[in-house]
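Each chain carries a letter (A, B, C and D) given by its place in the written order, and its residues are counted from 1.
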Amino acid sequence: MATTQKIRYSDCDPQGIVFNGNYARYWDDALTDWVEEAGFGGEALGGIGTDVVTARLEMDFKEPARLGETLETTIEVERFGNTSMTTRIETRRSSDGATVVSGKAIYVFVHADSFRPSPVPEEIRDALGPAVDRD
Amino acid sequence: MATTQKIRYSDCDPQGIVFNGNYARYWDDALTDWVEEAGFGGEALGGIGTDVVTARLEMDFKEPARLGETLETTIEVERFGNTSMTTRIETRRSSDGATVVSGKAIYVFVHADSFRPSPVPEEIRDALGPAVDRD
Amino acid sequence: MATTQKIRYSDCDPQGIVFNGNYARYWDDALTDWVEEAGFGGEALGGIGTDVVTARLEMDFKEPARLGETLETTIEVERFGNTSMTTRIETRRSSDGATVVSGKAIYVFVHADSFRPSPVPEEIRDALGPAVDRD
Amino acid sequence: MATTQKIRYSDCDPQGIVFNGNYARYWDDALTDWVEEAGFGGEALGGIGTDVVTARLEMDFKEPARLGETLETTIEVERFGNTSMTTRIETRRSSDGATVVSGKAIYVFVHADSFRPSPVPEEIRDALGPAVDRD
């Protein structure tokens, strides 16, 4: 599943390309869509008493993206820890599939109330990364 | 009292000027600083059970502002309604005082819990617009 | 023609609603889509040597919009001046059609190089507001 | 040298904390200030025919930061490559010095016109990392 993002005027900086910080936003949007697609919609997993926080981002900026282009961002699970999920994320240009930004994000599951780390819910593991080995 | 804002790279668009939507952010920052200066700091007036929402913005974009410039935003009360405060806001370029954006904002005071309009607190009237006639 | 915008996590503030400055971004996106739809795509009318700047925004915030909702923004021309176009803009909640933000924007056409005001191109008048009286 | 950043209302998300993508903005601001402090002000090094692009970001989110807090971001050079500069960046809470986000950024110097990589200017090496070994 991919989230399609039309590059917007206000996403671009005086160099005429998407400002680097906006990719973190695109990735967050892609995470939301992917989690919703898996059936955990609404306010970020609230239904199962869990929330997600971003613990680490690694972003390699391979090529600039410009106004008028459309991007597609995909996420896949690389591994699950006890309370964390490590993902590989790729943002590609729709027109030619060229990688614009690639990298990883580590998300930690937390109790919706206390924001303390909590084990990755079974239903999340099953839905997002059924084939991924557990540690 | 003025809020000084250094124009940031990510505030500017491919025309090399501050994107219009960012002035709404500058004005919100100026409101916060002005209210804090008046002694109502922390999480937006929470101490007196009140919050503020923006009901209307009028913004006239007089001149573009560019990277490397610094802006100063000032707010003053034009009038108080029962639950609202109408302000005049001016954003000027620090170097020469030229007006970049000017306009008005109408803020409505609301109960911190219900978000329903509530009368402008007396202490706010006294602190922000002591010389302003009431309706 | 309407631009559909899914409310994103980073669009929302600690009150859990879309931050007011983000509507200026939604409106700018809607302007772009509308102009593209009319056949003036790419980098903002560059093909006919013209660019557009925002001269005035009037925004009435009628209702808050929350995460999980989708918005639709429509623009229509109210009048053309010599170098300007006054529009009425409406952002509605997709689920029930309720108006979230409504108002006006005045755009000024400028020479792509000098950024000085230039007459509204005939093809723009014909495409965006064929039924609108000229001043 | 540190860049001080007051956390703004629109920087925070519905969790009431700074949205992760905004730290990339804070880091970009800190880079600008640091480069200016070293004497390369104005439009990003334009004076010496050079521009800078971000090639990689690594960000570890250690603690959330909240409205009302102030952050300080510091950058130091870890190493210079032929056309790149690897930096360590730390964003701390002003009140108690706690690390909020730490990580690395790799910047690549490019020709201002072609955006092709160009050797790190000698004057930049001398100004930003005089004690750093060259590869």
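As a working rule, a contact is a pair of C-beta atoms (placed from the backbone, for glycine too) under 8 Å apart; a residue touches a chain by one contact, two chains touch by 3 or more.
Remember, predicted model here, so these are calculated numbers, not experimental data.
Student: Going by the contact rule set out at the top, which chains touch both chain B and chain C?
Tutor: A chain counts here if it touches both chain B and chain C, which gives A, D.
Student: Decide which interface, A-C or A-D, involves more C-beta pairs in contact, and give its chain pair.
Tutor: A-D
Student: Can you tell me which chain lies farthest from chain A, using the average of the Cα atoms as each chain's centre?
Tutor: The most distant chain relative to chain A turns out to be B.
Student: Determine the centre-to-centre distance between chain A and chain B, using the mean Cα coordinates as centres, and give it in whole Å.
Tutor: That gives a centre separation of 34 Å.
Student: Taking the mean of the CA coordinates per chain, how far is chain A from chain C in Å?
Tutor: About 29 Å separates the centre of chain A from that of chain C.
Student: How many angstrom lie between the centres of chain A and chain D, each centre taken as the mean Cα position?
Tutor: Once rounded, the distance between the two centres reads 23 Å.
Student: Among the residues of chain B, which ones contact at least 2 other chains?
Tutor: Expected reply: 9-10, 14, 19, 21, 25, 28, 43, 67.
Student: Considering the complex alone, what residue numbers of chain D touch chain C?
Tutor: 9-10, 12-14, 16, 19, 21, 67
Student: Which positions of chain D touch chain A when the two form their complex?
Tutor: The contact residues of chain D facing chain A are 14-15, 19-25, 28, 43, 51, 53-61, 64, 115.
Student: What does chain B use to touch chain D in their complex?
Tutor: Within the complex, chain B touches chain D at residues 8-10, 25, 28-29, 32, 41-44, 67-68.
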